[in-house]
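Look for chain A in each of the two complexes below; its partner is chain B in the first and chain C in the second.
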Partner chain A sequence: MQKNSVNAFQKKRMKDMIFCLCIIAVPAVQFCIFYVGVNFNSILMAFQKVDIVNNRYVYKMAGLENFETMWFELKHGFELPYAIKNSFIAFIVTVGVGTTLALFFSLYIFKGMAFSKTFRIILFAPSMISAIVTVKMYEGFVETAFPAIFDSLDGSGLLSNLDTQFPTLLFFMVWVGFGTQILMYSGAMNSIDTSIIEAAKLDGANALREFVSIILPLIYPTITTFLVVNLAGFFTNQMHLFSFYANGADPTVSTIGYMLFKRTRKGGIMEYPLLAAYSIAFTLIAAPVTMLGRKFLEKVGPKLE
Partner chain B sequence: MEKMKKFKGFFKSDSWKKTLTPFGIVSFLVLFLYTMSLFIPFGWAIISSFRSKLSFSEYFDGAFAWPDPWIIDNYKDVLKYFPITLTHVSPQRTIGLPEMIFNSFAYSLGSAFVAMATALLVAYVVARFDFKFCGVIYFIIIIQMIIPIVGSLPSELRMARLFGLYDHIWGMYIMRAYVSGMYFLIFYGAFKLIPKDYAEAAQIDGAGNLTIMLRIMIPFVKGSIFTIILLAFIGNWNDYQVPLMYMPSHPTFAFGLFVFTDGSTHPEVSDTPHQLAGCITMAVPLLVLFLIFQKRLLGDITVGGLK
Partner chain C sequence: MKKSIKKLISLLCVGVLSAGAVACGSGDPAEPGPGPDNSSPGASVPAEDVDTSKAQLYISNFNGGVGTDWLYAARARFEEKYKNTEFVEGTRGVQIWVETHKNAGTAVADKMPMERNEIYFLENTNYYDMAYTGKLLDITDIVTEDLTDFGESKSIEDKLADSYKNYFRTPDQKYFALPHYRSIYQMTYDKDVFDEYLLYFDQAGGLTKTSTDSGRSTGPDGKAGTYDDGLPATYADMWTLCETMVARGVDPFVWSGQHGFYMTLFLAALKADFEGAEGTLNYTFDGTATKLVDTISNGKVTYKAPMTITQENGYEMYNSAGTYYALSFADKIVSNKWYANVSFNTSQSHIDAQNSFLVSKYSTKANPVGMLVEGCWWPHESAGNFQTLESNFGPSASLKNRRLAIMPYPKATADLVGTPLTAVDTSMSVACINANISEEKKELAKTFLQFVHTDESLVEFLKITNMTRGFEYEVSDEVYNSLCSYAQSVVDVIKNSNVLQPGCAKDVYVKNYASLNLEKPFETGHGAHPHVAFKNGKTLNQVWSAARAKYTKATWDKLIKV
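So, the complex of A and B:
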């Protein structure tokens, strides 16, 4: 009897396993090719160069040539040092201003204050429109309407003036970037058990105390997720530069994400190996930094009181 | 008098009572300013899109003036100059707006469905079964999400060419069949919340794994399925960089707008009113779609931590 039930259990486990394997087979193959394979290929390409033989692109081993070129560009190039500096500023502004404002707005919505539902729709609306549309409207406004309003600009637009160009681009990045964060933070706040907040109110907690001691610790996992994603995006953030300028952004406003994308598009296959070397170098920096950042965020997070 | 009472009553409502605190007032003002900062350029863009190139010039009326007369031709010009001529194919081919819209639907809807389905199925397996490999899959997805692989685009393009996926819309479906960490976490959380009793009861009644998954468990998360498809669809519809890099012979609407607003292809429509008319043509249908589905899109989606 017992043996029969053990057999039935084993049979069921086997059936379950076959079912699971069938379900994950396609994503697993896709992962092997387009994650493992792509990254393996990236490593390989970093040590190759492209030659044109009989009108065909031929990959040949090139040793450390690409890494030497990369090192040269870092020391003597014009764009790369700016790209690194600007990516860092963009990250600080996204986290410092963007995330803080997103939390602030989410709390307003969560509290159900005046017009909170309307504000929620409005805050999310820019995420619904193509970046190219918001970019062109913003560009048109700051380039033609602003000089008409402010005489002090002497007729020059905020994006044409090198002094105001980068801050204007940073402002745009934050201005259109609230959507998903608001959605996730207010969703996380809504899942908080209201009895906890009521109990804190009965104990005399004011709004600030309620936010710092209850809401923030309870939604902290969601905040951590976004901060980690932002940290991981340090090297890929294009700051919408391609939408603004296509391949022609001034090197002084460039970011790493924009530089890599532009060179892939502009340089074509001939430039792939050098860009693969960049990819390896940046990933070697980004991966441990993100892991350490995650550990740090978990350690310093607010505790529920 | 009656109006005055109504006005006072409005400010006595529960939401206003909550707002009339220092935090509430400051937040309200910041949000109001933000709203204005969105509405003013958008309204300005709509009005300017009906102005003539000459009137917009700084030597005439400048950036701020009411259209006089309203120039509908700007929109007609958008339709006229929107088509793209593909010079890299032989024989050369011109893609018109209807084909771009078809490409947009084919790419956006197909890719959204594939991305959603992949995340849904993998999340179901990982959340419901306790095999060791389920833990491994969860670990890989989280690691993939938090360890950034920078600049893999050249390698991906090379692989896409190698497997014959490059420059095909169906090729994008295969490339999009990866498990998105964010979608996975949403579905995983949703499946974890469903009590096991439902599946166990169905099993006792003789239902197999496929029946339980399709007829019992997936209907529980149909709200999230719809929201994710809609979000992914809108994301794909708006995206011009992926079509630009991976399927240059199948330009989408967003791709077309990128070329149109670039101005170098058709200098006749490179002025601000024409460019804005192109942008409004693209933005309005999506804003309408957003307003129709805003309750669904802004429903409570929760993403937990990365443990």
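So, the complex of A and C:
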């Protein structure tokens, strides 16, 4: 009797095991091919070059040649210095201006102040509408409507004017970035126990004190997550340049993410090893910086006492 | 009950996940399947069912400016011609499926080994990436054999100009693709506007003539009685024309503000025309350059002594006077505001620019526009604009009846008047066969590819698209007279041009494809495009200095793979 029940139990475990294996088989295979395989190939490629032998492309080991070329492009290249500078600016603006304003708007919505629902729709809209549609609307506004309103622009749009082109793109990046941030921040704010806020009010805390001492510490983990994600995405931020210009953005407004994407798309197989070297170098920078950044943010953030 | 629901949900999840695996298989290219959509917008043939009694042929076509109508026409003739032929055992006749898309050739190439399509007509390709990675079928046999089965005595190779042969024929004398359509950036002018405002030159240099008047100037070819009589022969003439246009209430130019590269590629075309055959040095690095800038004083260029160009000093070609003159052309137009306002509006697409040009003639509010900077495929692309105009202004507004024409490039300097026109084919378009094609269908695919390269098919292509393909073939007077004004001018210009395919089979070109494209000499760091730089107050000297300093000996040695 006992033996039978053990057998039945083992059979059931076996069935469960097969079932679980079936469930994870497809994603596991997909992970092996499209993550492990692809990344292994990329790492290998960074140390290779493509040569032509008997009218066929052949990959040959090239040591650190690609990394040397990368270093040379950094010093003497055309687009890369601009891309690095712009990526920095985009990061600073996203973190400094974007996050601050997103917190402000989230608080506004959380407090249910005048027109907060309208603001919520306006700020969420870019996240709900297709990116291309949003880009086209924005482009139409800054290129056609703006010059029509302001005669001083001499008919020139903000994107076609080299002095205003980059700030206009930055503004767009910050604006479309609000949706997700506000959703998360206001969600985090809504999860705060109202009794804590009420208690603070009874203790005489004004709105600023309430925000700094109650709300901010309670939603700080969410803010940290966003800052860490931004740090990790430093080298992949395209600033929506592809949606605006496809492959044809002005190199002076390029970012590292855009430059790599464009070169992969346009350059052809001969460029792949160099681009793989770029990816490895940027990962070697981004990974430790992101982890250190996270530790730092966790350490320095406001604490709830 | 709960368990059953759990099991059901789990099974559904497995089913959904497994469905993704279906796409992983390469599939059998010979399997008919439901067939790709062949009823794309503009298609003249409705969707149909698979006829398994016929051999199936799958074609992928880039449905951009050239469209797909030409392919539908060729398909109909081919299916009729071979309706009783057994290409594949057990079948009689052919059923052709056309898949249309707007993907760049480079993106399509990545998927080719997994696709069912057997023949491709693509643009923006990297031919050698495709050929040297085994994605393309060797078609040397059908390119080099005479087309006697089609009643012709020449081979396809015989119809290819040297420039195309040098690009498509690999060093071991093989062909893996053929050129598709010629895409040349140019100026289209409106003959009606030119007639109304007397914008044709007389022999004394005044603008007093119409297109039908005698006594017009000889134009860039320097010969009287030819297609370009009365048109500006030099850049100086062009400036006179633009000044006069503005004085008479005509906006000289319009172009797409959104696609700034259209204007840059037009400048590349002016550069190529100036450099002539010497322009091949930009990618062969094998020959003598005679038009490299030594000094420039008050716009007058002094050339360096003739210089042998090799792979080691290829950077010298960035000092070409052709680049300087092309930049000066853009600078002059922009700094004098010889353009319609919308030309710098980045929300103004190419279709919008075409419409601005076409509709301006009828506008009572805006000035008429004299010239449109565009790729030569644009009228076919602008079919919607023409339809709207025709419904608003009657049959005279149709493409067939509008008196539009390509303006041959004026020469940079007077001493070049009378030299042959050089045009540059920009789109890297190809016609090719997928290497994954099954053995039993190779003959069918190769026969179709030959079929679309017969003179009859090439002429049909011209009649439908108003464009030429990269081959030399006769256009009879009867056909010529049946063409619209624009297409006639395409034939005139091509007949009097050397068309360059800007690339070659040499390893240095193949390895540096990305660095040697036509736009590179115009990347200066002053905005994405030279005309944008000039619009933003940059001077010709600033832009030219940046252009010529693009590479030094040190950067060339490091960045160019040899």
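Operating definition for what follows: the second predicted complex is superposed on the first by the 264 of 305 C-alpha atoms of A that agree within 3 Å, B and C clash if a C-alpha of one lies under 4 Å from a C-alpha of the other, contacts with A are read in each partner's own complex, and residues count from 1 in each chain.
Simple rule for what comes next: a residue touches a chain if its C-beta (ideal position, glycine included) is under 8 Å from a C-beta of that chain, and two chains touch if they have at least 3 such contacts.
The shown structure was predicted, so the numbers you read here are calculated from the model rather than taken from an experiment.
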Checklist entry - Between chain B (first) and chain C (second), which does A:Phe261 come into contact with in this model arrangement: first, second, both, or neither? => result first
Next on the checklist: A:Phe78 in the overlay: touching chain B, chain C, both, or neither? Say first, second, both or neither.
Outcome noted: second
Item to check | Comparing the two partners chain B and chain C, which touches a greater set of residues in chain A | outcome: B
Item to check | Partner chain in contact with A:Thr252 - chain B first, chain C second, else both or neither | outcome: second
Checklist entry - Touching A:Thr144 in the superposition: chain B (first), chain C (second), both, neither? => result both
Checklist entry - After lining up the shared chain so the two structures overlap, which partner does A:Arg294 touch, if you call chain B first and chain C second: first, second, both or neither? => result first
Item to check | Partner chain(s) touched by A:Ile23 [first = chain B, second = chain C, both, neither] | outcome: both
Item to check | First (chain B), second (chain C), both or neither touched by A:Asp163 | outcome: second
Checklist entry - Is A:Asn55 touching the first partner chain B, the second partner chain C, both, or neither of them? => result second
Checklist entry - For A:Gly96, is the partner it touches chain B (first), chain C (second), both, or none of the two (neither)? => result neither
Checklist outcome for this item: So the chain A residues that chain B and chain C both touch are 19, 23, 26-27, 30, 136, 140, 144, 155, 265, 269, 271
Checklist outcome for this item: Residue positions on chain A within touch of chain C in the complex are 19, 22-23, 26-27, 30, 49-50, 52, 54-57, 69, 72-73, 76-78, 82, 136, 139-140, 143-144, 155-157, 159-163, 244-245, 248-252, 263, 265-271
Checklist outcome for this item: chain C contacts chain A in the complex at 10, 13-14, 17-18, 20-21, 104, 106-107, 126, 129, 131-134, 170-172, 174, 257, 259-261, 341, 344-348, 507, 510-514, 523, 525-528, 532-533, 535-536, 550, 554-555, 558-559, 561
Next on the checklist: Give the list of chain B residues in touch with chain A in this complex.
Outcome noted: 14-16, 18-19, 21, 23-24, 27-28, 30-31, 34-35, 37-38, 40-42, 44-45, 48, 56, 58, 62-64, 118, 121-122, 124-125, 129, 131, 133-134, 137, 140, 144-159, 163, 174-175, 177-179, 185, 208-210, 234, 237-241, 244-245, 254, 257-258, 261-262, 272, 275-276, 278-279, 282-283, 286-287, 289-291, 294, 297-298, 300-307
Item to check | Residue ranges of chain A touching chain B (in the complex, touch as defined) | outcome: 15-17, 19-20, 23-24, 26-27, 30-31, 33-35, 37-39, 41-42, 45, 101, 104-105, 107-108, 111-116, 119-126, 128-133, 136-138, 140-141, 144-145, 147-149, 155, 175, 183-184, 187-188, 190-191, 207-208, 220-222, 224-225, 228-229, 232-236, 242-243, 246, 256, 260-261, 264-265, 269, 271-273, 275-276, 278-279, 282-283, 286-287, 290-291, 294
